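Shared between the two complexes below is subunit A, which pairs with subunit B and subunit C, respectively.
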Partner chain A sequence: MVFSASRRRHNSYTLAPLILISVNVLLFLTFFVWPAIIGLAYSFTSYTGVGDAPWVGLENYQELIGDADFYAALWRTLIYTACVVPLMFVMSLGIAYLLVSPYAKGKPVARVIFFLPWLISPIIAGVIWRWLFGENFGLVNFVITELGGDPVSWQSNGDLSLMIVVIVATWAGTAFNMLLFIAALKNVPVSYYEAADLDGANAWQKFRKITLPAIAPTSFIVMLLSTLHAMKEYTYFVAVNDGGPGTENNLIVQYIYETGFKRAQIGYASAASFVLLLILVIVAVLQLIASRRKGS
Partner chain B sequence: MAASRSRTGDLPKKIGSSAIMWLLAVFYGFPLLWFVVSSFKPGGELFSYPLTFWPKNPTLEGYSEAWTSFDFPGYLVNTMIVAIAATLLTIMVSAACGYALAKYGNWWLKVFAGCILATTMLPTETILAPLFLVVRNLGLYNSLSGVVVPAVITATGTFMFRQFFVTVPNDLLEAARIDGSSELSTFFRIMLPLSRPIILTLAIFSFQWRWNEYLWPLIILNEPSQFTLQIGIAGIVGANNVNWSILISASVLSMVPLVAIYLVFQKYVMNADINAGLKD
Partner chain C sequence: MGISASARKGWLAASVVGALVLGACSSGSSGDGDPKSITFWFSTSAQDQGYTDLAKEFEAKEGIKVEIVNVPYDGYQDKLSQAAQANALPDTASVPSLDPLWVNQLQDLSSIANAEANKINKNLVTADGDKVLSIPSDVTAAGLYINKSLFEKAGVSYPTDPAQTWTWTDFLAAATKVREATNAKYDLVYDNSAARIRGWIYTHGGTGFQLGADGKFATPDAATVTALTEFAKINDDKVMPKSVWTSGQDPNALFKSGQVVAYYSGVWQVADFADSITDFEWASVPSPAQPTHATDINLGGKMVAFNNGDKAEAAKKWIDFVFQPANYTKLAQTNGYLPIETGLTLTYPFEKKAAQDAFALYIKEMELADPISSSGQANQTKLLLAKQKVEDALIKTELAKLVNGEQDAQKTVDAIVTGLNDQIK
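Right after this comes the complex of A and B.
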C-alpha cells in the first residue's frame, strides 16, 4: 500500500505537470522557436517566399543601414512612441486617481464611459476619429469654421495625421492601463495618507511623496508595456489614414508588412524584423535598468 | 476615512474632482456617441452642413445596407468562430500550464516559465514573415484555424492562472491526494472549477483580443469567404471612395457583441487584478 502510493506519487509528479504543459510546449516550439530560428536564417538570404533562398550573408543588414525608407519609418515610430507613452501614462493615472478618489461623484457611470473605448477594435477606433477629423465633412472642422476659423488639414498634413493617431491610441489604450493603476492605487495603505494629513501635507505633496512611490512597480509595467506596444503599432495608422499622407506615416511594422508581403522580400523583411526585435529588447533592458536604479 | 477629515474642505474638492472627471468622461465618451448617432442619419444628412447632432430623419437604412451590400453575416460568423475557439483553447491551455507552474517544483517547469515570459518579448510583429511561412507549411494558410492556433499560447493568461493557483492552499491538493484522486483529475475536478473567476476574466480579455485582431488575420486569410469583420471593415476604409453610411453602421454593428458581453460580465473585468498576471 505504502509502496504503491509512493510509486504512483513519484510517477505523477513528473508525468502530471508534463502532460499539463505539453500543449503549451508544443505551441511554443511551433509558433515561437521555429519561426524565430528560420526568421533569423532567412534574414541572411534573399528569399522571396517561393523557391530557393540564396545566401547573401549580411547584405540585407547593410542595405537596411542605407535604406532611407527604413530610417523614415523608424524615426516616425520613435516620434509616435515618445508622444503616445507619456500622454497615455498621464491620462490613465489621472483617471484611475479620480476613479478611486472619495470626492468624485458618479463614478460607476464614468467608469463604464472610460472603459468603452477599450472594447472597440483599433480599426473601428481609427474610423471613429477619422469621421470626427474629416477635412471636408468632419465635426471638428465644422466647429472650427463655425467659430470663425479656417478648416484644418487633418488628413493631408503628416504631423497632424500622426497627432490624430496619438489621440486615438491614448483614447483606446487608457482603460487597460487604468485598470492596472486602479488596482495599484487601492493597495496604497490609507494610514500613509492619514499620517501625512497630520503633518499638514497638501494634495500634491501627498501624491508626489506617497502615491507615486507606492505605485512605482505598476508605473514601470505601464511604461514598459505601452512603449513596446507603441513601437509595434500598425492598425491605427491603417484605419486613420492608411499610413498617409503618402507614405509619411508608414511605421516600422507597416514597412515590414509592405516589404515582406506586398513585395515578397521575405529575407529583407526578416532582417528588418530582427532590427525591430533588437530595438525592443534594448528598450526593455534600458527601462529595467532605469527602474532598478530608481528603486535602490 | 472621509469622516475623520474636516468637513469644510470637502465641498470644493468634491466639485473640483467631479468636474475634472466628467470633463474627461465627455472627451472619452463623445467620439463614440457622435459615431453611433451618425449611424442613424440617412446618407445625405451625414454631410449636409450645418451638421446637427441628432438625426433629423432617423433611419436604419445604413444598417440594412451594411448587412446586405457586403458579406456582413459571413464575416460575423467567421469572427465568432475565431473568437470563441481561440478563447476556449486559451483558457484550457493557460489553466493547465498555470496550474503546473504553481503547484509543481520541477526544474524544467521553471525553465519553461522563462520561455513563456520570453514570448512577450518576441511579439508576433517581429516574426511576422517567418511565422507566416510556418503556418503555411502546416497547411493552415487561408483557414480560420491558421488565425486561431498560433494565438493560443498567451503569457498573460498563463501567469494569471499561475498567480491564482499559488494562492490555493496546498493542503487542498494534499487532501485530494490522500483521498486517492489522481493528479489530473484533481486539476479537472477541483482546481479548474475553483478558478472560475479567472476563467471568466481571461475569457473576456481573450474574446476582446481575438474579436479585434487585424494584422494576423489579414496576413493569413486570402479569400473573402474566410474574412473576419475587421478585415471586411478595413476593406471599406481602404476603398477609393469611402462609403461612410455603410462603414459607420457596419462598425457599430461589429461592436455590439463585445459591448453586450462586457456589460454582462462587467464586475469581473473591473475587479480583475491583471497586475497579478503581468508582474511575474
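Right after this comes the complex of A and C.
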C-alpha cells in the first residue's frame, strides 16, 4: 500500500511537469530547432528557393570571408549596438531612479507616459519618427525652415540616418528596461542608505557604492538582452529609412533578408545567419563570464 | 499492472494538448471545408471596390461567398511562396507575377481566355503550351503626371499629344522653370521600382536588362549605362529628392503635397489621384522621348485559380465570372483599369476630366510605344516557363547604391546582371 501510494505521487509529480512543458517543448522543436537544422543544412548549399539545393560544402562560408558588403553590414551593426546599448542603459536607469525617488511627483502618470512607447508596434513607431524626421516634409525640418534654417539631411546622410534610428530604438526600448530597474531599485535595502547617510556619504557615492552593486544582476540582464536585441535590429531601420541611404544602414539582419529573399540566395543568407548566431553566442558567453567574475 | 486512472487522465490530457498543437501547426489546407466559400487574395492600396462589388454579385448568383483578402504588396510574393510550402494557398488570387514554386498548382484558364465572347487579348495571357496559367486583370503602363496648377501659374506650356512629345531635356528645363517661378521644392519625383526605371532606360534609347539567346541576362548597352548615370545625377535634392531612391521616401505623398512639379509613375495612380488630390489640378502628360518613344507596358494583377481540392471548381467559376464582358466592364470602370478585353465601351466613373483624359492618353501612348516597352514582362514569362525565377528587387538596391554614390553606373549594371544571373544558374 505504501509502495502504491508512493508510486501514485511519483506519477503525478513526473507527469504534471511533463505535460505542462510538453507544449513548449513541441513548439520549440517545431519552430526553432527544426527550422534551425534546415537553415544549417541550407548554409552548405546554393539553394535559391526554387528547385534543388545543390551541396556546395563550405563555399558559402568561404565567400562570406571575402564579402565586403557583409563586413560593412556587420561593422554598422556593431556601431549601432555600441551607440544604442549604453544610451538605453543610462536612459532607463536614470528614469527608473527618478521614478523611485521619494521626492518625485506624479509618478503613476510618469510611469504610464514612459511605458507607452513599449506598447506601440515597432513599425508604427518607425513611421511616427519618419514623419518627424522626414527629410522633405518632416515636422522637424518644417520647424527648422520656419525658423529660417536649412533643412537637414536626416535620411540621405548615412550618419544622421543612423543617429535617428539610435534615438528611436532608445525611446522605444527604454520602457521595458525601466520597469526592470524600478523593480531592482525597490529591492535595495533602505538600511544601506541609512548607514551611508550616517557615514556622511553624498548622493553620487551612495549611487556608486550601494545602488550600482545592488542592481548588478539586473544591469547584466539589461545589457545582455539589449545587446542581443540591438544586433538583431531590423524593423526600425526598415520603417525609418529603409536601411538607407542606399545600403549604408543595412544592418546584418537586413543584409541577410536582402540576400536571401531579394537576391534569392537562400544558401548564402543561411550561412550569414549562422555566422550571426555564432557572434551572438560569443557575446552572450563573454558577458556571462564577465558577470560571474564580478559576482565572485 | 494496468495504467492507473490518474495516469490515464494525464495521457488523455497530453493527447488532447498534443492534438490541439498539431492541429494549430497543421497547414489547414484551404482545399478542405465548405465549397460555398472561396478565398481571393490580391494587393492594392486603391483599386478594391470593383472586386468587392463583383464578389457580392457572384454570391447572389452562384451562392458562393468570395472572401477577399487584401495583402500588403511588400512581402506578397513571399507570403504566397510560404503558403505554397505550407499547402495553404488561397483558392484564387490576383498576383504580381507567377512563381515556379506554385505554378504547377494552377488551374488551366484556357476556356475563359479563349471564350469568343470575352475578347481577351491572348498575347498578354501567360500560357504554357495550350494551358493558360493566368489572365491579367488589366494592362499597366508607366507615365508622367504634372502639377497642372503649377505649370499654369508659371505660364509654362506642355505637350498634350504623345505623337509630338518632348525630350527629357525639354521636360526638365520646363520643370525647373516652373519650380523656380512657383517656389515649388522639386522638379520631379520618380517611383522607386525596377519597372519604372525600365521606362527611363528605354526612353533614353537603352535596351536595359534583357535575356540573351543563352537564357542569361546580357550585359546592357552603353546607352543604358549613360541613362543610369544621368538618372543618378538628377537626384540632387533640387531636380529630384535624393531620399526617394536612397531612403524609401514615398514619392506619391510628395507629389500630393503640391510641392513637386511632376511625377513619373504608373496608370494605377489615376484612380488614386482622382479621389485624393483636391488642392491642385493635375494632368497626365506624354512621357518624354529621348529619343525612343517608350514606356514599361506590364500586366496588372494576374488572375489565377489554384487546384484546391473541392474548391477548385468554385474558384474557376469566380475567375470566369470576373471576365464575362458585362462584369469585367464594371470591374475595369470601377477600379480604373486599362482593359485586357477589346470591344468594351468603358465609362470611367471619374468626375474629374483629368482622370478621363489620362486614360485616353495612356491608350495612345501604348499604341505608339516601342516594342521594347513590353520586354520586362516578356522576360518574366520566358523565365517562368523555363521553371526559373528572378527577384528584380535587387535592381532597386543597386540603384540606391548608385544614387547614394556608393558605386558608379558601370559597377551598378554589372552587379545587377550578376545578381540576376546568379538566380538562374
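Here is the rule we go by: the second predicted complex is superposed on the first by the 271 of 296 C-alpha atoms of A that agree within 3 Å, B and C clash if a C-alpha of one lies under 4 Å from a C-alpha of the other, contacts with A are read in each partner's own complex, and residues count from 1 in each chain.
To be clear about the criterion, a residue touches a chain if its C-beta (ideal position, glycine included) is under 8 Å from a C-beta of that chain, and two chains touch if they have at least 3 such contacts.
Small disclaimer: the values here were computed from a predicted structure and weren't measured.
Novice: Report clash or fit for the pair subunit B and subunit C bound to subunit A in the combined superposed model.
Specialist: clash
Novice: Considering only touches as defined above, state whether A:E135 meets subunit B (first), subunit C (second), both or neither.
Specialist: A:E135: touches subunit C, not subunit B.
Novice: Output check: A:V23 vs subunit B and subunit C. Expected answer is one of first, second, both, neither. What do you get?
Specialist: both
Novice: Which of the two, subunit B or subunit C, is in touch with more residues of subunit A?
Specialist: Counted on subunit A, the partner with more touching residues turns out to be B.
Novice: Considering only touches as defined above, state whether A:S121 meets subunit B (first), subunit C (second), both or neither.
Specialist: first
Novice: Scan A:L87 for contacts with subunit B and subunit C and give back first, second, both or neither.
Specialist: In the superposition, A:L87 touches no partner, neither subunit B nor subunit C.
Novice: With the two structures laid over each other on chain A, which partner does A:P245 touch: subunit B (first), subunit C (second), both, or neither?
Specialist: So A:P245 only meets subunit C here.
Novice: Which partner chains sit in contact with A:I113 here, subunit B, subunit C, both or neither? Use first/second/both/neither.
Specialist: Only subunit B; A:I113 stays clear of subunit C.
Novice: Looking at the overlay, what does A:V50 touch: subunit B (first), subunit C (second), both, or neither?
Specialist: second
Novice: Check whether A:E146 is in contact with subunit B, with subunit C, with both or with neither, and answer first, second, both or neither.
Specialist: First partner only.
Novice: Could you say whether A:L64 touches subunit B, subunit C, both of them, or neither, answering first, second, both or neither?
Specialist: A:L64 sits against neither subunit B nor subunit C.
Novice: Please state which segment of subunit B collides with subunit C in the superposed model; the candidates are 117-125, 135-143, 189-197 or 207-215.
Specialist: Comparing the options 117-125, 135-143, 189-197 or 207-215, the clashing one for subunit B against subunit C is 135-143.
Novice: In the superposed view, which residues of subunit A touch subunit B and also subunit C?
Specialist: Subunit A residues touching both partners: 12, 15-16, 19, 23, 27, 30, 49, 137, 242, 261.
Novice: Name, in rising order, each residue of subunit C that touches subunit A in their complex.
Specialist: My answer: residues 4, 6-7, 10, 13-14, 17-18, 21, 25, 78, 81, 99-101, 185-186, 237, 241-243, 246-249, 253-254, 257, 259, 387-391, 393-394, 397, 400-401, 403-406, 419, 422-423, 425.
Novice: Going by the contact rule at the top, pick out the subunit B residues touching subunit A in the complex.
Specialist: Spelled out, the residues of subunit B in touch with subunit A are 1-2, 4-5, 10, 13-14, 16-18, 20-22, 24-25, 28-29, 31-32, 34-35, 38, 46-47, 49-51, 92-93, 96-97, 99-101, 103-104, 106, 109, 112, 115-116, 118-119, 121-123, 125-135, 138, 149-150, 152-153, 158, 177, 182-184, 187, 208, 211-212, 214-215, 219, 230, 233-234, 237-238, 244, 247-248, 251, 254-255, 258-259, 262, 266, 269-270, 272-275, 278-279.
Novice: Which residues of subunit A touch subunit C once you look at their complex with the stated criterion?
Specialist: Those residues of subunit A that touch subunit C are 8, 11-12, 15-16, 18-19, 22-23, 26-27, 30, 46, 48-51, 134-137, 153, 155-156, 158, 161, 241-242, 244-248, 258, 261-265.
Novice: If you look only at subunit A, which of its residues touch subunit B in the complex?
Specialist: 9, 12-17, 19-21, 23-25, 27-28, 30-32, 34-36, 38-39, 42, 49, 91, 94-95, 98-99, 101-107, 109-124, 126-132, 137, 139, 142, 146, 171, 174, 176, 179-180, 183-184, 190, 194, 197, 203, 217-218, 221, 225, 228, 232, 234-235, 238-239, 242, 253, 256-257, 260-261, 266, 269-270, 273-274, 276-277, 280-281, 284
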